[in-house]
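My questions will all concern the structure given below.
Going by the order they are written in, the chains are A, B and C; count residues from 1 in each one.
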Amino acid sequence: MSRRLAQIICAIFGVVMFLLFFSPHPAARTIALTITTEYWQVIYAFALIVGAVSFLRVNVKNIQRGQDSGYRIISLIGLVAMPTVAIIWGIGANTPFMWIFENIQVPLQSTVFALLAFFVASASFRGFRARSLPAAILLISAVVILLSRSWVEGQFASGLIATADWIRSYPSMAARRAILIGIGLGSLTTSLRVIVGIERTWLGGGR
Amino acid sequence: MKLEARHWTFVGLLIVVVGAMLLGVRPDVTISDETQRMFEYIDSLPEGSVLIYSFDHESSSLPEIRPAALALVRHSFSKGHRIIGVALLAEGTGIGYRLMEMAASESGRQYGRDWVYLGFKPQYIAAILSMGESIEKTFPQDYFGTPYDSLSMLSGVVNYQQVAGVVSIGDGNMAVHWIEYGQSRFGIRISSAMTAAMVTTYDPYISSGQLHALIGGLRGAAEYETLLKIGGGGQRGMLAQASAHIYILLLILAGNVIYFVSRRRRD
Amino acid sequence: MLETILPAADPAWLDTGKLPTLVAAVIAIAVVLYTTYHRTSREAYRPRPIAGLRAVDDAIGRATEMARPVVFTPGWGGDIQRPTTIASMNILGQVAEKTALYDCRLIYPTHDPVIQSVAQEVVRESYARAGFADRFREEDIRFVSSSQFGYAAAVEGIISRQKPAAVLMLGTFEAESLIIAETGNTVGAIQIAGTDSTIQLAFFIVACDYTLIGEELFAASGYLSNDQAILASVRAQDMLKFVIAAVLVIAIIWALVIPDSRWWRF
């Protein structure tokens, strides 16, 4: 029964949101505003609680089992410390929350992001090889684009940027558009399956 | 631990990037069409135009995205635009405020009159849609808790109809959401500053006009700084980025040489 | 609750500027509903083989033989309302059924609490369907971090420590894609990826064994489950592609013959 109710709610909201897209009427816009500012936000707030509780449960259980306890204790300290600091001193500029954010969170995040550069280096060394004619064409295109996006292009013939722009504007764009159309159609059919109730995986069960 | 080939590629990259940064050279850059277009767009907006700057990125991409964001905000302030700052990713909240506060104090712009910061709103799709109906309803208060209707700059600003455009400072697909929900639903003009890796993703949107203008990564920031005739992080990072690009090209070349030599030996 | 707070700028119920979009949407919806509910056309349709999907069975088999887990990540970029996430969830259900059958551990780290809750139910039900409900481990389907690189670091850590034999990356990915794929490569896992993010496809093609490109991800769940409703919608996608291609060709010819014409620009 609860699944059937969820499906009905989903179908109604799916159709309503679709129709609202095409209507500039004030009543339609008010309904859209209520759904987006109130319902969605409330759902999100509850979802965050679910996530925090799950995170807490999994980590406490693993600490009890002695699995990767060090990492998990640090995670839990972070989970408790940030909201505590935010509640006591607020989250504005020059607060302890912002200090932790700027001096711990930002460097940590940037470090992980910077790993990408190293992985690009190793992946290009290992995987980017002219094994066949198409692979060779791909390789040459990549080299041209890379050079055109760095400062060194000033040292080469001016045709380099024009060639790179041509690659981006025609073969690359055509392929991207084709993929985007395919993805758009895939999204459309999946959404329709959800709205008409054929697709029920999102409810946590089979079709 | 035995070092493998990939570890040596890592060490090499570290040496190249750090070495280039220590040199401190700021090479000249040629201006690409896309950066020129963004510059002309911001430059052409009349004084007093309201622009939304949306900080849609996480702290991880700060080194790459900040120079472009700073150059854009400085340009807007210099042209007398009124700026509404928002963040659709939580981590962009503090970053966006700091950046706008810095640019505003440099150019003597006053909070509440010339710029406001509305802070973070979760559920970005919902936020984009609801701002199209009512910005006040989406952000009843600013970042500091001041009611929306107490901020003089926002008087008369109801929704996107009173806004000249949105500039999404992003490191991922957020500009796509602005296009899909803001541009297609409400017709608001979307522009973006983004990480270099994301630029080609947006080529179809630029070509179709759904995305009005964009600048990409450090290179785009360096170009924008050149157009504004100011220094900045983009120009400082150019040599390191160019050196890393050449290093990657050399790695690709080395990988291919090894591949063909080993294939010949096998044959 | 529904007080009218907006100026009555336009009392019309239909925005005529969006009429072409409405017509296109109605045609697309009609085609999808037709293929889904028209039994004869459903039975006639068989999708082409997709190499990456045929490798899913091998990957799980390999993990079982090596007594190592399978890691399945939906990426950081999506939420539950995104169609890609729903398609990914369908594949998760099929994969979970097989891991239950082979008694192979399945680890599913996610960045979204709602996705976590749904994924737990999907996997639990798949284990029950396979007849091994007792093998389901709720803590393996877990929320790790909503921050992009916090998530990337967590998945990287899981892969480094657990050394899975197979890593399935199916969903919406952003910059974390290569970090996860390269880490999986380092531990020698079979890697199957599929995403709707065109930029990340380039990274996956270099770093993974098999890559599902764009719409193949949406076809994957129908292919794996042989579910006729999903296969019918895949057929609708193909039919709509032909329609779009035909409109494009007509528009190109029209634009060449009458360059001032703008009817196709909406």
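A few notes on this one:
Here is the rule we go by: contacts are C-beta pairs under 8 Å (C-beta built on N, C-alpha and C of every residue); 3 or more make two chains touch, one makes a residue touch a chain.
Owing to the predicted nature of the structure, the values given are computational and were not obtained by experimental measurement.
Taking the mean of each chain's C-alpha atoms, the chain whose centre lies closest to the overall C-alpha mean is A.
Comparing chain pairs A-C and B-C, the larger number of C-beta contacts belongs to A-C. Averaging C-alpha coordinates per chain and comparing to chain C, the farthest chain turns out to be B. Centroids built from CA atoms put chain B at 17 Å from chain A. Inter-chain spacing, taken between the CA centroids of chain A and chain C, is 13 Å.
Centres computed as Cα averages put chain B at a distance of 28 Å from chain C.
Shown for chain A are the residues that touch two or more other chains, namely 21, 29-30, 33, 109, 112-113, 120, 122, 124, 126, 128, 176, 180. Residues of chain C found to touch two or more other chains are 5-7, 9, 147-149, 175, 198.
Shared interface positions of chain B, defined as residues touching 2 or more other chains, are 6, 58, 60-61, 91, 125, 133-134, 137, 200-201.
Here chain C touches chain B in the complex through residues 5-7, 9, 77, 81, 147-149, 172, 174-175, 186, 197-199, going by the rule given at the top. Of all the residues in chain C, the ones that touch chain A in their complex are 1-15, 18, 21-22, 25, 28-29, 32-33, 36, 80, 83-84, 86-87, 89-90, 93, 112-114, 116-118, 120-122, 124-126, 129, 139, 142-144, 146-150, 152-153, 157, 161, 175, 178-179, 181-182, 185, 196, 198, 201, 203, 206-207, 213-215, 217-219, 227, 229-230, 233-234, 236-237, 240-241, 244. Of all residues in chain A, those touching chain B in their complex are 21, 29-30, 32-33, 35-37, 40-41, 44-45, 91-93, 98, 101-102, 105-106, 109-110, 112-113, 117-118, 120-122, 124-126, 128-131, 139, 142-143, 145-147, 149-154, 161, 165, 168-169, 172-173, 176-177, 180. Residues of chain A touching chain C in their complex: 18, 21-31, 33-34, 38, 43, 47-52, 54-55, 57-58, 61-62, 68, 71, 108-109, 112-113, 115-116, 119-120, 122-124, 126-128, 176, 179-183, 185-194, 196, 198-199, 201-207.
Residues 6, 58, 60-61, 91, 125, 133-134, 137, 158-159, 161, 171-173, 195, 197-198, 200-201 of chain B touch chain C in their complex.
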